[in-house]
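Two complexes come next, and they have one chain in common, subunit A, joined by subunit B in the first and subunit C in the second.
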Partner chain A sequence: MSDVSVRAVRVSKWYGKVTALQEVSLHLEPGVWGLLGPNGSGKTTFMRIIAGQMQPNLGEVRVCGVKPFGNVEALRRIGLCPEADAMYDELTGLEFVTAMARLSGYGKSEASDRAAASLSAFGLADAQDRKIGGYSRGMRQRAKLAQCVVHEPDVLLLDEPLTGTDPTSRAVILDQIRQRANAGALVLFSTHVLHEVEALTDQVLLIARGQVVAQGRVHEIRDLLEEHPHHIRVVCDRARELAARVLMTSGIVGVRGLSDHTVEFESVDPDTTYTSIATALAQGAFNVSSITSPDATLEALFHYLVERGSRGAGTGSDAEIGSGMRSAAPTSGAGGPS
Partner chain B sequence: MSAPPVPSFFASTANVFRFQLLRIVRGRKLRFGVIAVLLVVIGTAVARFTGGAAHPEQVFETGVRTGFMHMLVYLLPFLFISGTIAEEVESRTFTFIALRPTGRFALTTGKYGAGVAVATALITAGLVLLFLCCFITTPALLGEHIKEFLRVLLACLLLVWAYGAMCMMWGALAVEAAGIVSALYLGVVEFAFSYVPLLKFISMNHYATAIAGYHDDVSEMLQRLELDVPAALCVVIIVVVTALFYGLAALVVSASEYRTSKA
Partner chain C sequence: MTVRDLGYRAYDGVRLPASRNTYVLLGHAMRRAWGSWLVKIAVFLGWIPLVVYLIKVMFVYWLMSKLEGGRPPPGEAADALGILTDPGESIRNLFNYQVWAFVTLITLGAGSGTIAEDFTHKAFQFYFAKPVTATQYLLARTGATAIFSFMLTFIPALILVLGIVVAADPSLRLQHFGLVLPALFYSLLISSVLSVMAVATSSISKSRALTMSAWIVLLIVPQSIASLVSAIGNVSWFYLASPPALLGLVGDALFKTVDTEHLVRWYHAAPLLIALTAGSIWLANRRVRNAEVIT
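Presenting the complex of A and B:
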């Protein structure tokens, strides 16, 4: 069996006339990867293909070097936490996770021990003998995660794992994900809660309309978007004066005063603009509180890319955008974490 | 990371069997099954001890044919097997087991085995109770009719296994309508056809009746259409049909991309 990896080559999947995935190509190596995309973008379909639950109509997926559909060697190394809130309500948490461990190939006592340890790791030690039907949403989510990791998979696929969890549970879950990744697992983590991905990893896959619109590290992806004006927000004592000093710098395409103390520059040449701002601040002896870029947050990036993908959908420009982003992906960390 | 080696087919099947058995034991269906069996046995016992003129042999045959061969052998496999795949797919729990390195053939076998095991246990227990109810007051008849009892038991169990395979196949093939399709198939092909000349030869119930040693009263004209199939051949036919349906079910489950979550 080869090393831990997920490789997709021009994967397409459609349901009747609806295209769920369109020529998705990527290569993931160990580490945490955030999978982001709006509803119906193809995230779950992509995860199900990787998990061996369905086959692509076109293209090929390999998990740890082998095709996953109907392949027990691949399934042995995959753990999936499905999004659906579906459980065996008539069983206790321990019975459920033990059964999953036994199905994975462990003997009776080892399966039971591993199940107990797994439930304990997700904070369910006290509730392991209660029926799952009586669990809260967050507890059910953690039980699903416990079954997902009980066989120590190399590839963890977590579909919206934080849904319905309280802050304490989230902290436990995120900590477990980090531990698994540090132990050498590949974790693909899908969520709508963008800041949680940012807190966990900066390696992201952005998927929209069945296409990977961006892949890599957040700041590197940001650098790829050269045509998208970069926003630089400065909070200082004489915002208007600063704006006047920097306005004529090359690359500035807009200036917006957000308040008496806050000004936001829009630039297509961020490096020059940052230099100009720094020079102006030094020369004018401004009292600076902060210099930030709202674009550096994942949320801004996500909305921008999805919006751009939607604008060009079904046109030649769409293909151009998609191919352009994908071709840039290997340089943006697609080959694995540093 | 150190996932365990892939379990063997037999180990996987045994694990799925145990898991499915646990689910059946914990679920409501087992209670329905037990109640259904008890109602048949109690109904027959009431007929035996209140119908003064009736012979125990007649009561036993009526109880077996009406309660078991025309009711319980349909109901129990339907109850325990028709939804074994379909319900998991519909409730979206199928992902959990399909993701394990068990192989889908082992999954199908384990699930079928668990459903059939429970149905077999209930049918056997019910028939033993029925037999005792009918003959307990005349111990001499008890020994005399033991062969008939064993023939009836074999016939009913063969039907349970065959109908279980049919329910499994239709449940795997028509997930959204597993119950309706299974019920229609059993009701039309297996039950109704067993009364229709010529068509009865595609009903396993007809062969099982022959194995049990029972005969239908038919008119002289229809007797010409009757075909005397030896009991041994009847056993072979039911076993082959069971294997055929089971094989189809395993193929369907193995090749299916079941809907287990939204796209």
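Presenting the complex of A and C:
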């Protein structure tokens, strides 16, 4: 079996008349990848197809070079942490993880040792003999993750692993994800809590309405969106006066006063606008507190792309731009752990 | 340079074959089945009919040793003492008690809620992320119920046959020992058919209470209606709607205890049992494969 990778080629999946995934193509290499998308965007379906639990209606998925569906060797290289918080409450954490380890092909004692080590890695050593029914939400989440990594998979598929976790659990989980990615594993991490992805990686896949609307590093994706109006927020002592000075600059398509001291410019030519702002600030001797771009955050990018994906829905100019991004992304997005 | 944590390395040791997962799942299913108090009750109380029959065997043995020539008297007394001379009916009756009193509890506690429970726990997403197939899963779930059912049918029957063989006239011992074979076949039939049907019933809904109720209805209602119709109108065809009655008809043929008043025979029941079992397998398989994660 070949090196650690996930490759999807024009993958589509539908449930009756509902299209869950639409011609998703991508290539992932070791490292942490954030899979971002709103509810119902196809994240879980995509994860399950990669995990070999579903077959796509069209297209092909290969994990480590082979199709995962019904493939024992592929399944042994995959660890899935499903989203749903549901487990056998009457089992202890150790029993549950041991059972999962045994299904991964380990003998009884090896499975038990691995389960104990895995639970310990996620901070559940003291609770491993307690029934799962008595676990807190964060502990259950960590038990799910422990079963996911107990067989040391090369490809980790984590479907919203931080849902309902407290800060302590979150720190433990993120640390474990980092460790595994740094050791050469491929981690696909779905969430809609964007700052969690930013804390782990800048490699993201944005999925909306069953389509991967962008793949790559945040700044690379930003570069692909030249037509996206760029926002520049300036906090200074005379915000209105600054707005008046910059307003007539070419590229400015909107100005918004957020408060007496804050003004936000919307530009389709950010380079020129930045220069104009700097010139105006210098000439007017403004007292500047900050110049920032809200677009630099993943949140803004995500909302923009999701909104655009919703508007486009596979037709018109947006769709063309979207397909351009998708085809451009694989060459720029693949890379090692960040 | 990327820092690599040496605490994690991909496992390159021996992995057991994926086919072994059937046994792993079976063990897990057995432990889960044992967690049901209905199963525990059945396993602990399931020996009472056997004890009663063994006492009867011992009593008859003692009585016949007192009789002249060691042979039963003619007429009605012979029927009462026939457990040693014609034991087929006694063993057939023992099966009847075991099925209605204990196998019913086993299938109810271990089989009729099992897939519904896994639906509720969303267990498929864990199982099928491992090298586990739907067939392995169903084999294990059905197997656990079947093993408990088999234990409570064949073992008591075997012990009773052996008790009868020991107590019977030496000239009849070999003939009586031959009952082990129909007892084995009948136990396998009961345990496999009822387990498959119970597990299939458990797949019809995500509500364990509903699937267990459905199983009770399936066992009791057709049998009750058939008994009523048979008693009032002397029509026995309604028994063909009752799975335990279908099994009973086959049992009657195996132990040569056919009720000549009834028109329905084992050859009417056998095709229906085959159809019910095949239909149950199809239903359970379809439901599991159509569960959210396996397509």
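Here is the rule we use: the second predicted complex is superposed on the first by the 323 of 338 C-alpha atoms of A that agree within 3 Å, B and C clash if a C-alpha of one lies under 4 Å from a C-alpha of the other, contacts with A are read in each partner's own complex, and residues count from 1 in each chain.
Here is the rule we use: contacts are C-beta pairs under 8 Å (C-beta built on N, C-alpha and C of every residue); 3 or more make two chains touch, one makes a residue touch a chain.
Quick caveat: nothing in here was measured; it's all calculated off a predicted structure.
Participant: After the overlay on subunit A, what do you see for subunit B versus subunit C, clash or fit?
Facilitator: They clash.
Participant: Touching A:8, do we find subunit B (first), subunit C (second), both, or neither?
Facilitator: Neither partner.
Participant: Have a look at where A:124 lands relative to subunit B and subunit C in the superposition and call it first, second, both or neither.
Facilitator: A:124 contacts neither subunit B nor subunit C.
Participant: If you stack the two complexes on chain A, which partner ends up touching A:88: first (subunit B), second (subunit C), both, or neither?
Facilitator: A:88 sits against subunit B and subunit C alike.
Participant: For A:242, is the partner it touches subunit B (first), subunit C (second), both, or none of the two (neither)?
Facilitator: Touch status of A:242: no partner.
Participant: Please work out whether A:48 is in contact with subunit B alone, subunit C alone, both, or neither, and reply first, second, both or neither.
Facilitator: After superposition on chain A, A:48 lies in contact with both partners, subunit B and subunit C.
Participant: Give one of first, second, both or neither to describe whether A:182 is in contact with subunit B, with subunit C, with both, or with none.
Facilitator: Touch partner of A:182: subunit C, not subunit B.
Participant: Just subunit B (first), just subunit C (second), both, or neither: which does A:232 touch?
Facilitator: After superposition on chain A, A:232 lies in contact with neither partner.
Participant: Is there a shared patch on subunit A that both subunit B and subunit C touch, and which residues make it up?
Facilitator: Shared contact residues on subunit A (touching subunit B in one complex, subunit C in the other): 48, 51-55, 70, 72, 75-80, 82, 84, 86-88, 90, 99-100, 102-106, 147, 151-154, 180, 183-185.
Participant: Show which residues of subunit A lie in contact with subunit C when the two form their complex.
Facilitator: The contact residues of subunit A facing subunit C are 48, 51-55, 70, 72, 75-80, 82, 84, 86-88, 90, 99-100, 102-107, 110, 147-148, 151-154, 179-180, 182-185, 336-337.
Participant: Which part of subunit B faces subunit A closely enough to touch in the complex?
Facilitator: Listed in rising order, the residues of subunit B that touch subunit A are 1-7, 11-12, 15-16, 18-19, 22-23, 26-27, 91-93, 95-104, 254, 257-258, 260-263.
Participant: Which residues of subunit A touch subunit B once you look at their complex with the stated criterion?
Facilitator: 4, 15, 18, 20, 40, 42, 44-45, 48, 51-55, 70, 72-73, 75-80, 82-84, 86-88, 90-91, 95, 99-100, 102-106, 147, 151-154, 159, 180, 183-185
Participant: Would you mind writing out the residues of subunit C in touch with subunit A in their complex?
Facilitator: 2-11, 13, 15-18, 20-21, 24-25, 28, 32, 35, 120-123, 125-133, 293-295
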